Amino acid sequence: MNYTLNNLPERDAKPRDKGYTMAMDKGLSIREVEDLLEVAGEYIDIVKLGWSTSYVVPNLKGKLDAYRSAGIPVYFGGTLFEAFIVRDQFDDYRRVLDKYEMTFAEVSDGSIELDHDQKCEYIQKLAEQVTVLSEVGSKDAEKIIPPYKWIKLMQEELDAGAWKVIGEAREGGNVGLFRSTGEVRSGLVEEILTKIPFEKIIWEAPQKEQQVWFIKLLGANVNLGNIAPSEVIPLETIRLGLRGDTFTHFLNMEKPC
Amino acid sequence: MNYTLNNLPERDAKPRDKGYTMAMDKGLSIREVEDLLEVAGEYIDIVKLGWSTSYVVPNLKGKLDAYRSAGIPVYFGGTLFEAFIVRDQFDDYRRVLDKYEMTFAEVSDGSIELDHDQKCEYIQKLAEQVTVLSEVGSKDAEKIIPPYKWIKLMQEELDAGAWKVIGEAREGGNVGLFRSTGEVRSGLVEEILTKIPFEKIIWEAPQKEQQVWFIKLLGANVNLGNIAPSEVIPLETIRLGLRGDTFTHFLNMEKPC
Amino acid sequence: MNYTLNNLPERDAKPRDKGYTMAMDKGLSIREVEDLLEVAGEYIDIVKLGWSTSYVVPNLKGKLDAYRSAGIPVYFGGTLFEAFIVRDQFDDYRRVLDKYEMTFAEVSDGSIELDHDQKCEYIQKLAEQVTVLSEVGSKDAEKIIPPYKWIKLMQEELDAGAWKVIGEAREGGNVGLFRSTGEVRSGLVEEILTKIPFEKIIWEAPQKEQQVWFIKLLGANVNLGNIAPSEVIPLETIRLGLRGDTFTHFLNMEKPC
């Protein structure tokens, strides 16, 4: 860090096994990737190429190279997996992962109906090839999954070989874990945490208020995802109690003030 | 594209006569223009320098050169036309278009009162010099134009020589075609489409939900405008049914799933 | 400017003593700083490195150099001052200012409780070392300060040596001067202006509607702060009556139309 401040919350450094920041790239140029790495490379653990943007961007190969040379793994958004599955092109998907030498992949069912046993089979198969993140939660605001079922789905997906499970929120932060207003479904999150270890979950939390809520509940080293490139630095300050939103929270925890 | 997905909606390639994406540049640097072209040059048909930003940006000439060298035409936002008209400087405006070798121009009356015959005269005169886009709709949320009048205005402006007509929404997407909440005035749009061919209209639709609405109504190849540079790639995936929002819509159209 | 428009409002040029635009950098790369300077260097008077982002960004030195070589002063957000104060590290803070050769600093109490005499003492001490901006207003939406007290606080801070006082709004524009909806507390602003000269105040106004409100009240040369880098050019057009929002306002003032 650039200078010394006493009594900051402990923040794990990279490589770490919790406190992940997953950034979302929805169409950056190579230069913008380089800029992101200059500024936030130390704070980003993994990058998602949002949904199926990897299909249309003309700079895919160069972009993957740029992230790799910084030691940051990249994966395609789950919607791309679903786009292949719904077209009965699973083998093609595996070949795409090979072609681009992907080491991570996401399995999700946010936009398609997928029998859960089948979803777990996909996780199992892909886990032979790459590290799998699996996502729970629908992109459809109407589909409310009760807490006990979130837990069951998450546990089964971890058992099937998922490295971590992701709580769905979309780029907007208004479905899945959140109400349409962006407010956290706090009872849901707390119930999930009674059964699933918090370091196994990446919470999609694109809005600042959502990030603040999770950090207050779970501390500086909570795994957070769908972070916009320009919000990685702001998020890091929130983790450290150095932005107004968590300033007092961490002070009160560390020492009386 | 980077890999093959079956049964995608048909999307016209550039140069095309429908399915336009009009991106809005409200003050990009030359390098940001280059980045945009790297990422989205194949998807952008035309660029608008938002409202009168061309008056204050110090890099106007270089910016125009950058877009031109990528074969993408550029025009000044309609508010600039209005700023000249309201000051009785129409001839000066024509000289500005010449000075910067503009090949397109917008005629609008979103911020001024302009007799419609006079507006059509301006369209006619400018059409001798450049390709004219004309815009219908007020920037004033209080001024509600009834559907029959939108149709009359659009038709007369096309008759006067406008190449395409633009449905007003502003950068925010909260006036003209839309309610102050951003919701589409759907009855208005549907009535317009009974009389004006859909390929003659560019719908300003800066918000994702607005883009989704038009794509569901009119398909992958609807003309959309006021797209923020960072949203051109996301828009392209929505056109192709590769983002959650239109994922199921196009599947159901193409084949049973 | 790129061409001539008659009857624009008078806008002071840099260096100026009012009509300041304070831009907020919350984690730009060096290249993004260069891009900002290319586009908006002529319009930005001073840059704030938002809250404590200067603690975590790895490019702090290079960034400061880039702004300095363009002649634009930079200061650390007030939350950083507060982070040092609450840890009883004021002397460390002064050393940090020296280490980075800062010529400006902000004193605030948006996140901490600070006796006002003590705040004024900090202003006085820092004013021996740098030019001080002091900020009035809490980041806590619950803490409503009545107008007479805003005036008293501002006057005492100016008397203590603050160069200008800042009206708090945060990056979001939803506290302090504004209601949680972003609406201006207009009675508050008007009462402040009966006592404090308008050129001594920088109004944080990150949202467009807030900028428009202040410009309509106080003219093209009002001091505005917390402007996002991409909004500096749009703001300049609003100051000049060249965007829809203030288009008619300035015309009506300049001459009948």
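In this document, chain identifiers A, B and C correspond to the written order of the chains, with residue numbering beginning at 1 in each.
Just so we're on the same page, contacts are C-beta pairs under 8 Å (C-beta built on N, C-alpha and C of every residue); 3 or more make two chains touch, one makes a residue touch a chain.
Please read all numbers here as calculations on a predicted model, not as lab measurements.
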Chain copies touching (chain B, chain C) - same or different residues, decided at half shared: different
Copy-to-copy rotation for chain A and chain C - C-alpha atoms, rounded to a multiple of 5°: 120
Rounded Å distance between chain B and chain C, as computed from the means of their C-alpha atoms: 34
Touching two or more other chains - residue numbers and ranges from chain C: 31
Chain C residues within the chain A interface of the complex: 26-32, 50-60, 79-80, 82-84, 86-87, 89, 92, 96, 99, 110-112, 139, 170, 172
Chain A-touching residues of chain B, taken from the complex the two chains share: 1-7, 31, 34-36, 38-43, 208, 230, 232-234, 236-237, 240, 242-244, 247-248, 251, 257
